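Following this line, the structures themselves.
Here come two complexes built around subunit A, the first alongside subunit B, the second alongside subunit C.
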Partner chain A sequence: MTIFRFALMRGLRKKSMFAALFAVPLAMIFIRPLWTPENGAGFVFYGMVILFAAFSLVRLIMTDRVSGTIVRIFAAPVTTFQYLSQNLLAYWLILGIQTVVMVAVGAMLYEWGIEMAAQLILCYTVFAVASIALSLAWTSLFRSKVISDAVFSIVVSFMALLGGIFIPLSMLPDILRKIGMLFPTYWFSNSLLGIRDGAASREYWLSLLIMLLLSAASLLYGSKRRLE
Partner chain B sequence: MEASAGLSDSLRREMASIKSVSLYEKIAIVYRALGILLLYILWVQTDSGMAGLFLLLVLLTLMLLRWRFPPLGWTIVIDQLAVVGVTFLWDSSRYVLALGMFDAVYLGCPFLAIPTVLYSVIYKPESILYLLLAQSAFVGMALWGWRNHQEEALRRMDEERSRYYETESFKQELLAANVQVAKMAELSERSRIASEIHDHAGHEIVAAYMSLQTAQALFETDPSQAKELFSEALGRLESGMGDIREAVHNLSPFAEFGVVTLRRLCEKFLHCPVEFIVYGDPSLVSVYQWVILEACLKEALTNVLRHADPNKVRATLDITPHIIRLCVENDGVNKRIGSAGLGLRNLQQRAKAVGGNVSTDQTDCFRLVCVLPINQKGC
Partner chain C sequence: MIVASMVDVVKRYGKLQALDHVSLSIRKGEILGLLGPNGAGKTTAIRVLAGLIGADSGEIMLRGERQDVNNIRLKQHMGLVTQEVTIFEELTAEENLRFFGGLYGVKGELLRRRVKETLEFVGLSEYAKKEPGKFSGGMQRRLNIACALVHSPDFLIMDEPTVGIDPQSRNYILESVRCLAQNGTTVLYTSHYMEEVQAIADRIVIMDQGRVIADGTLEELIGRIQHEETIRITVTNPSSALTESFRAIQGVKTVTQKGADYTIVSGASSGNLNRVLAVAQQSGGVSNMAADKPTLEDVFLTLTGKKLRDGEASA
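Moving on to the complex of A and B:
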């Protein structure tokens, strides 16, 4: 688990990264209007924080690839599976800890209840998996980090628009909704709606399942391109 | 030397065309992606239910799984079963069975399309589906044929390359063995000479020396005995000299070699005058090195005959304590020689086998230079 340990250390080494991973979400949770049952914008905005945090972490894999470090890593008896799985697990663990801290503070501040907190943690961690997988697939498309970052920001803004982050899903035109269904952000918003509607709702579990399917597809794509 | 130097012309042509080896794979990926995209459009326009979306995502994931792990080709059965299952909820999904048919034929395992065939037989869908299935099977078969052809060409190329490298390696081993045998022969001959001198001349000379010592001691006291011993010693020395002469006579090679051979080669060349100059001590050159130098000179003179019309050829043999350098140069080159021919390549390999090198230069005249290292005696 050497790669896992170093991926964890590397993920938290930079102060800016540490701040983005923990300070921003914690600052968000104390903004009370974001977390009222009527508004609920904080829940979806936090999803975007996860998405960008995942992308920032997965960029480290791209850095390895672009800088040629990956050649040196693979000179050791390390398989692609070991390298990827340990890196991605480390990133997922960082995002998982962030989510647990965030939801725990939120639950204490806004009296969410254990069931809702558990559902939120599950939803955010599954979305973290989808975000990491999507970022991996995305970074595998590019050789330049600058272009990758710029285009990702544009695409994420579309994903957020079609995924019900800025506009509620119910207000989206039918055709845009159907296009949005191809992105994990849609199912993330949908699962949050499921939590709001009631415990163990069909929509909630269905959304998690689709997010996992999208993650599997993204991981399969991202694990091959320009990595071997 | 180029990796393809020993390959036949037909295979070189194959190699040029094989650059597009993965094109059929790319077409297959595009075909599948197009299928998934059409399914999505169909889903948007017809049903838009969750079953259709699930099917779409499952098919996409399985497609990527097979792309990532090619041995999992059998999973197309799961694709088809999923499609057949979803047809009960979303009727239009049956069109995507064509993708299963395509993959089964493309992978060369038509029996993997059994679920599709069974569905077609049992539920008897409309003729457009049969048409789609036939079209997909046709595309799959065309790509399968293409892939097979390319793989066969690759296999043949690998085999030929492997044979070529084996022959090259065998040749190198033979050349190395040749040098080894020459060295062994030299050592064996050296040992035979030592034995010859020790067993015959050596004994006579030692006996003569002892007789002379005794004669010296008796010279004052018994001159007649001393004189007798002196005569005997002279006789023994004469016999020893005779043995040495005989040994040397027996050791002299019948065939000419060395500088004499090279000079004779130059003299026999009637196309134009050849100037042959030797610097250094020829006794430093081993027998196997003379063989290579002779081959180099022959090759250079043959090249002159073939490709040049010179006024004069100049061959210089420099022998220093560490290297031997044979340089053959001529003017009047008619045409420039491109890559090294077979004779020159063989020479290069022979020189390489003994740690030397053969090179050519065509800047102002044609020049062939052979450099061989001189091994210290006993090394």
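Moving on to the complex of A and C:
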């Protein structure tokens, strides 16, 4: 598990990364108006934090590819599966810890209850998987980190818009809602609505399942690119 | 004993034929210099040999086993020094070595010892806890080499390991390569610097446009080309009579005089150095004398019709 261990180390080594992973979300959770039952914007905004954090972590894989380090890694007795699975698992663990800390603090501050906290953790960790997979597929399209970053910001804005992050899904025109269904952000928003509507909500579980299916597709696509 | 071999290997990238029926072999304990201009196919040959990419056809053998991208086990015994500096800038020098050692399954006390020994070998012990982003180019190159050595490979592939560094660091690296070979490591060393290959390689393979165009020791390669011997001599009493005396020596093709300086060109292996010296001494004496020996550059020029300077082949 050398790759996994060092992926954790690299993910947390930079102060800017550490701050983005823990300081920003923790600062968010203390902004009470974001987390009221009437507003609830904090729940979806935190999803965006996860998406950008996932992208920053997966950029390390792109860095390996662009710098040529991946050539040296594959010159060792390492398979593509080992390299990707250990890296992605490390990133997911980091985001998972972030989510647990965030929800635990939120539960204490806003009395969410164990059931809701568990549903939120599941929803955010599944969305973390989807975000990591999407970021992997995205970075596999580019050779330049600068271009990848720039275009990603634009695309994520559209995804957020179509996914009901900025505007509630119920207020989106039907055609935009249908387009939004192609992106995990839509199903993430939908799963949060499911939590609001009740623990056994069919929407909640269906949304999680679709996020996982989209993740599988993105992972398959993103893992095809082995060497530059 | 043959450690690695490529027989009739072809590799294409679309319409570009990167390797055109390449055959070469590397014997145990030798330093094989793989020489060629940029785009000659050296890096592709290395990547095929290292099992990083597959060949379209041909056979690649390593330690008696067939090499391909799925043969993970063979990679255990090999080290690759990449052309680019491929280290993690956010990890310290020591952590970089621990990472790459770990990839090869080196663990615990053995890993600690190997990291320490390897850092000593490349002269970076005192920088073990420092991040390589703050290193000079030469130090980064040495760490780049160390990452390929930490698991003690018995076959080391070095892809242009001295590109863009100062002469002092280059000499350090070349000396390290010699030292590795003396300790039994087989080295495949690619470069477009003729003088490096000439200085360290036991045997040389020259590639151009995806093909192997020559293979042998330096002496064998030089022996294969037709070359003229050039003697430059400065005499104390220059005269037209002396010029005629030089011309009269058997095998001399041309004699050029500029003041007291003479340039005498003879046919290959004419052995005229002593004769020229004797004639000059009879006419009054010699203040300076030099014979131009053919070099790898001449071999390359003869075989390809191109010069090789700092990686740029010019017709």
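One rule holds in what follows: the second predicted complex is superposed on the first by the 225 of 228 C-alpha atoms of A that agree within 3 Å, B and C clash if a C-alpha of one lies under 4 Å from a C-alpha of the other, contacts with A are read in each partner's own complex, and residues count from 1 in each chain.
In this text, contacts are C-beta pairs under 8 Å (C-beta built on N, C-alpha and C of every residue); 3 or more make two chains touch, one makes a residue touch a chain.
Bear in mind that the values here come from a model prediction, so they are computed numbers and not experimental data.
Undergrad: Considering only the touch criterion stated at the top, classify A:A150 as touching first (subunit B), second (subunit C), both, or neither.
TA: neither
Undergrad: For A:A23, is the partner it touches subunit B (first), subunit C (second), both, or none of the two (neither)?
TA: A:A23: touches no partner chain.
Undergrad: Report for A:G68: first if it touches subunit B alone, second if subunit C alone, otherwise both or neither.
TA: second
Undergrad: Given the superposition on chain A, which partner contacts more residues in subunit A: subunit B or subunit C?
TA: C
Undergrad: Contact-wise, after the overlay, does A:T79 reach subunit B, subunit C, both or neither (first, second, both, neither)?
TA: The answer is second: A:T79 touches subunit C but not subunit B.
Undergrad: Is A:M9 in contact with subunit B, with subunit C, with both, or with neither (first, second, both, neither)?
TA: second
Undergrad: Check subunit A for residues that touch subunit B in one structure and subunit C in the other, and list them.
TA: On subunit A, no residue contacts both subunit B in one structure and subunit C in the other.
Undergrad: What does subunit B use to touch subunit A in their complex?
TA: Going through subunit B, the ones touching subunit A are 40, 44, 48, 50, 53-54, 57-58, 60-61, 64-65, 67-68.
Undergrad: Which positions of subunit C touch subunit A when the two form their complex?
TA: 47, 50-53, 72-73, 75-76, 78-80, 82-84, 86-88, 90-91, 95, 99-100, 102-105, 147-148
Undergrad: Going by the contact rule set out above, which residues of subunit A touch subunit B in the complex?
TA: By the definition above, subunit A touches subunit B via 175, 178, 181-182, 206, 210, 213-214, 216-217, 220-221, 223-224.
Undergrad: What does subunit A use to touch subunit C in their complex?
TA: 2-3, 5-6, 9-10, 13-14, 67-69, 71-79, 227
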